[in-house]
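The structure under discussion appears below in the form of structure tokens.
Chain nomenclature is as follows: A, B, C and D, assigned in order of appearance, with residue numbering initiated at 1 for each chain independently.
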Amino acid sequence: MLEELKKQVYEANMELPRRGLITYTWGNVSGIDRETGYFVIKPSGVDYDKLTLDDMVVMDLDGNKIEGNYKPSSDTPTHLELYKKYPEIGGIAHTHSSEATSWAQAGRDIPLYGTTHADHFYGSIPCARKLTPEEIYSVYEKNTGLVIIETFEKRGINPMHTPGVLCTNHGPFTWGKDATEAVQNAVVLEEVAKMATKTELINPKVKPAPDCIRDKHFFRKHGANAYYGQ
Amino acid sequence: MLEELKKQVYEANMELPRRGLITYTWGNVSGIDRETGYFVIKPSGVDYDKLTLDDMVVMDLDGNKIEGNYKPSSDTPTHLELYKKYPEIGGIAHTHSSEATSWAQAGRDIPLYGTTHADHFYGSIPCARKLTPEEIYSVYEKNTGLVIIETFEKRGINPMHTPGVLCTNHGPFTWGKDATEAVQNAVVLEEVAKMATKTELINPKVKPAPDCIRDKHFFRKHGANAYYGQ
Amino acid sequence: MLEELKKQVYEANMELPRRGLITYTWGNVSGIDRETGYFVIKPSGVDYDKLTLDDMVVMDLDGNKIEGNYKPSSDTPTHLELYKKYPEIGGIAHTHSSEATSWAQAGRDIPLYGTTHADHFYGSIPCARKLTPEEIYSVYEKNTGLVIIETFEKRGINPMHTPGVLCTNHGPFTWGKDATEAVQNAVVLEEVAKMATKTELINPKVKPAPDCIRDKHFFRKHGANAYYGQ
Amino acid sequence: MLEELKKQVYEANMELPRRGLITYTWGNVSGIDRETGYFVIKPSGVDYDKLTLDDMVVMDLDGNKIEGNYKPSSDTPTHLELYKKYPEIGGIAHTHSSEATSWAQAGRDIPLYGTTHADHFYGSIPCARKLTPEEIYSVYEKNTGLVIIETFEKRGINPMHTPGVLCTNHGPFTWGKDATEAVQNAVVLEEVAKMATKTELINPKVKPAPDCIRDKHFFRKHGANAYYGQ
């Protein structure tokens, strides 16, 4: 069932340690098949060294396990909320990569300081508000999804233009049209976060890049008038 | 004698250079067999490149060498005190890994800034007080163990919930149910220390994460109600 | 056509990921044949993993494609302006390497703090002014070349003595007598940028090195009286 | 001639890129045979990738080349002065390693913040004063050696207890009983410099470690009462 999707999601998961975004089991990637409404996700707490294609878990959007020998990632309810709310999202990645997680721990949006950022994220990368104790002690992972959605809705951010978020005191989630792109955006976010930290060290009074840089670079790569690439 | 334990301790020692926690011989791992009361530890000052399974040293809890061609690690008396005081501890690791050692040199506890920390350490990671000149000039390595114990006892910290410590002007010790887990906690501590430094750079006024984050994440992974993993 | 140049430019491009200066496709290198006036450049948005010698694109100095299956790098007009203005330049490299890009995002020149810098760049590495919205919305990549030239001309900097520049909110361009040297200067710039950041952290009141250090080291390696090397 | 010494010096040079202390040709190691008074040193500006045992250059203490196809390192006169002044020195290493060089550029001694430092360097690692323009424009590399000696003599530092120095605006030199140990001290210095920078970031008001830590750890590893190692 969904063999190609499973393969893509498995490969996307394995890209996390290759890119240095993962220590031990601290991350997970999923991808969805919009026709069946099923999504494939990494099992919970399984070492990347031992992970195989057959370990992938298939879930439906009500949170039922459809196939798989393992329990799905404990973050599955977060993925599920994002898939339900945003039909454009085809894949989701979560890591504790150190640069992006440090911004999440610091509780700050990552300002758009340059074209590397603008090529991939249209505007600052938002940091969602803290969860309340009630939200944490009830359905924590579902509420993590809901607070991400609240952040994008309240601020009017298009999640396909800004395909990532920081969860305060936790870490980043990124997404894309599929699992592969979700992981690519995790890689970019980590690099953008690292450079933003350095930028502020070098010039503590630095201001975000002007909007014309953001617009020029984002739309050079995305949308009807894109001219980057082949 | 204790061939399986020796193998585990040897492998745990060899994991230190693989994880980038060690320069030259700056570290050591031990593991204990609670039935015999013997523990296995790395020999002093032997290169990791040349270290073999047969070089491991077997000690008893009175500090006598039971087996081995080499002198045990100079930090053996520190390990011994921890094993004697805390019967739950099955393995201990000591490194001079750069991120954690920098916190030890700075003489500060590592605040709990996020879920990566809370998944593994319940609360801030304590920095033990400086040793006095008398403590240093008498039985230094034993007193290092005693000041770690003093820190946990005075502050009422459960060493199995917070399996690591920073020794001021020196570096970290971590432990766990066995040598393998002790090294895993050394890896986690290094990552947590790195992110705490960056977090404070990004937001100099950052506050520790709320207790609900600490409780939720720690007990999601540990204890009777854990639901992370398989 | 220009087979040797293509080979050199291809190898110079492949050196970028080997040296850790590149994430995904974020960079490009070109080299020029001054006899024909043709230059060879990386195609736009092609993965380094898949890049082959045959993918290289040949352009003339009017911006016409002479040979190649792909569109040239979107930054081609920047390269072109530099080749037209400065006949000594034989190769150009552009990256988003994190240390140098952080200085570009911070909008600061990199001060000459030591001999590592002075061995390769005679004086501070300039940061070009921001482009205006008009410059960005018209012929952006060409104007990037023009603002680099404006920076060197206005400040009276010899581009062969200071073979690199930072574009505000964007990243570095470096050059040299050929594509190989352009990439070497990108490597050096990254290292110099990293050390300048650390230098200011260690001593926030640090001053640039005296002119005698700059002159001694630069001319020890460059010009008629050089005595470094064989 | 001196085949064993050549081999050791060659291997010590090759250890620099393996340990990440070198970019391109920015460094050199030498070792001396005190019986003949000849020392072996890396040739100037030769790539580490291409360096062979036969490329090593043999010099005498008057600066005459005794054997070798290449010119010796441009820093040869610095090595020579140190060998002449301190008969205990058997090997010398020079790098532009980024952490130590950043302290040199910042013009600061590296304070002794912990046991990692004290295990190898007895007290702060001194930063030599700036050279005067006259010293730079006359015999620069020789004067670099003389200002190192001046630093140790004026401050009464034992060069075998503190086997390294920072040259302002330049970078580190380290030494030891032979070329192998000189490179080991370069590795240690780099690690100590990195941790010192982080220590000050984590606690801007940090004080150096007390003298009892310095004495205990240094003499645990060095001298008649050493008990570290086998």
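Criterion: contacts are C-beta pairs under 8 Å (C-beta built on N, C-alpha and C of every residue); 3 or more make two chains touch, one makes a residue touch a chain.
Small disclaimer: the values here were computed from a predicted structure and weren't measured.
With rounding to the nearest 5, the Cα superposition of chain C on chain D corresponds to a rotation angle of 90 degrees. Centre to centre, using the average C-alpha position, chain A and chain C are separated by 33 Å. One inter-chain figure worth recording: chain B and chain C are separated by 46 Å, centre to centre, where each centre is the mean of the chain's CA atoms. With touch defined as above, residues shared between interfaces to two or more other chains in chain C number as follows: 200-201. Contact topology of the protein chains: cyclic, one closed ring where each chain has exactly two touching partners. Contact residues of chain C toward chain D in the complex are 113-116, 119, 184, 187-188, 191, 194-196, 198-203, 206, 209-210, 212-213, 216, 220, 227-230.
Every residue of chain D that touches chain C in the complex is listed here, in rising order: 23-26, 43-46, 70-71, 74, 96, 98-99, 101-108, 130-131, 133, 136-137, 140, 169-171, 197, 200-201.
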